[in-house]
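Next come two complexes, and both contain chain A; in the first it sits with chain B, in the second with chain C.
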Partner chain A sequence: MHSPFTDMLNTVARVRGVTAALVVSEQDGIIVDANVQIGQPGDRVAALAASLYRKARLAARAASLGDVTFMQLEAPGGRLCAVGGGGLVLVVVAAALVNVGLVRVELLRASADLASLAEGRR
Partner chain B sequence: MITSVVESWIEPPLRQFVVDAGVELALLLHPSGQVLAQFGFARAMDVMTACALAAGIHATGGELGRMLDGRPFRGLHHAGSARQIFVAEARSTRGTYIFLTVFGQESSIGLVRLYFDELAAALAAAAPPDGPAPAPALAEQFEQDLNRNLAVLFGRA
Partner chain C sequence: MSDDVHRMSEELANDPGSRVFVPLGEALRLQGQRDLALKITLRGLERHPHLADAHDLLARVYADGGDLERAFDEWDMVLRLSAGHLGALKGMGFICFHRERFGDAERYLSAAAASDPDDAQVASALGHVRTAHHEVARAHEASAPNAERHDSRYLFVDVLPDEGQTALLLDREGLVLAGAYVGADGDDLAQEVGAELSGVTDEARRTTRHLSLGDWTSLVFETEVAVVAMAPAAGDGLLVLATSRATPLGLVRRLLQRCAERARGWLEGTR
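Showing the complex of A and B:
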């Protein structure tokens, strides 16, 4: 099924090392659309990553830093990156050796479209 | 954090759920409406009311599911403007329980569903396998049992 987010997710998921790309409702932590490799626990990642992103956004605001533009979490087994817009969060799960710069560029490019897609303007 | 339970094996899983999911209220009850555990309620009357409503919601959802889908609906989520409610069924060797939780901006339905699955698994694992089966909730004993459970929960037993 083709959703308004399918092209965005496919573009991000094509980056070598990316194992999951998910569009998640920031408020609910529920998956809106996803491109997930078999074996990835999409629902769990979505709920926890959306909560993490939301708290990061609130923390940045509390510290008068402005909006979160790009969030990255490093762990021994890989990375979790996220951008937000329009009440949605685009979450990427990637291997440790992924080209983070490329992921960042793709996510920042996608974040510009996220809000307009969420509002149905595209 | 004040979590009170009628049966001690319920407390660790419920406490863990409350910490992980960041909910404001939690209630575990028998489908008849008899309370088994609560977190966050200050008054016995509120627990009694919530139990009656949760049992009604569960029964109604079950029947609607049977009519529409041939099997009972097992979960319900209602999003209010400031708070949300989630009602679902948890099974263990001791029987089927209804779980009700209320959460606000600090949590989300995604987190609540995620940790509810863990709670249900933890309750199933923690339930004493050889323990006495719960007595049937008979209409003539219902109020007496409910009052006894409320007294245990609110330290009046």
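Showing the complex of A and C:
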């Protein structure tokens, strides 16, 4: 099934090392659309990433740092990157050795469309 | 040597996927044919992007040419591919020493010495680094104003020399242990910023554990006005680094490492 987010997700998921790309509702962590490799726990990724992004966004705003434009969580077993817009979060799960610069560029590029696609969805 | 180069060149020509490009590049580098060594190494890495020894070779080629920034990045990559790689530890130790980052240099060379205790070159370099480190620390101690020497708010001042860079060390309750966060109006907002940001780390810990990624090592977020990087500190503490939006992310990561090292030393000294 082709959703308004399919092309965006496919583009991001094509980056080598990316194992999951999801558009998630920031408020409740529900998946809107996803491109997830077999074995990836999509629902759990969505819920945790949305919650983390939301917390980071609220903390940054409370600390007078403005809106979060890009977030990256790093651990020995991999990375989780996210951008947000229009109440949605575009989340990427990637291997530790992924070219994070490339992931960041793709996510920032996609984030511009995310808000407008979210508007169209309402 | 040239016979070897000839033989390896033929082997590579017959099998472009061969890993012989590594010893071939090294032989060319030692012969002073840096450009050719660089070309062969880069071409080999296209086929073997995760070969640690190839990145190590590339780092040495860059270092020979004086491009220490790229050499450092390549050795950084080597350590990601092969933790404890002796060549990379020595190389990064050398570059840190060259940049007078004696703490980092000591850390890398100590790891190299632990990996190969018989390497006299490493032992000697480590001795030089430790001497230099002590001298610089003594000079800094002597020249620092009295208030700075005893006020933990100044802990990161010499690690973060550029305007717009600031760091905080928080305890497990989110209370400030060291560092400062000065707002646009000149007020120290460390306690407020620390309290807000420390809550995020529980979420980070939960996320990486649930996804079986291991314990989180850093959390970075870019905002409209700043780049904020966080890393866990000793005793369930938290290190927070904030830099201007213009700071490249690679540099932010390096600064975070330097601050972590400073915080580690300070926490050990205050125990």
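Quick note on the criterion: the second predicted complex is superposed on the first by the 120 of 122 C-alpha atoms of A that agree within 3 Å, B and C clash if a C-alpha of one lies under 4 Å from a C-alpha of the other, contacts with A are read in each partner's own complex, and residues count from 1 in each chain.
Following the convention adopted for this analysis, a residue touches a chain if its C-beta (ideal position, glycine included) is under 8 Å from a C-beta of that chain, and two chains touch if they have at least 3 such contacts.
These figures come from a predicted structure and were not determined experimentally.
With the two structures aligned on chain A, chain B fits next to chain C without clashing.
Looking at the shared chain after the overlay, A:A96 reaches chain C, while chain B stays out of its contact range. Of the two partner chains placed around the shared chain by superposition, chain B and chain C are both touched by A:S51. By the touch criterion defined above, A:D28 lies against chain B but remains apart from chain C after alignment on the C-alpha atoms of chain A.
In the superposed model, A:G39 makes contact with neither chain B nor chain C. Between chain B and chain C, the partner in contact with more residues of chain A is C.
Of the two partner chains, chain C is the only one touched by A:L73; chain B is not.
This overlay, made by fitting chain A, leaves chain B and chain C with a least C-alpha separation of 9 Å.
Chain A residues in contact with chain B (one complex) as well as with chain C (other complex) are 44, 48, 51.
The part of chain B that touches chain A in the complex is made up of residues 107-111, 113-114.
Residues 50, 80-81, 183, 189, 192-193, 196-197, 199-200, 203-204, 206-208, 210-226, 228, 242, 249 of chain C are the ones that touch chain A when the two sit in their complex.
Interface of chain A with chain B (complex): residues 24-25, 27-30, 43-44, 46-48, 50-51, 54. Chain A contributes residues 41, 44-45, 48-49, 51-52, 55-56, 59-60, 62-78, 80, 93, 96-97, 101, 104 to its touches with chain C in the complex.
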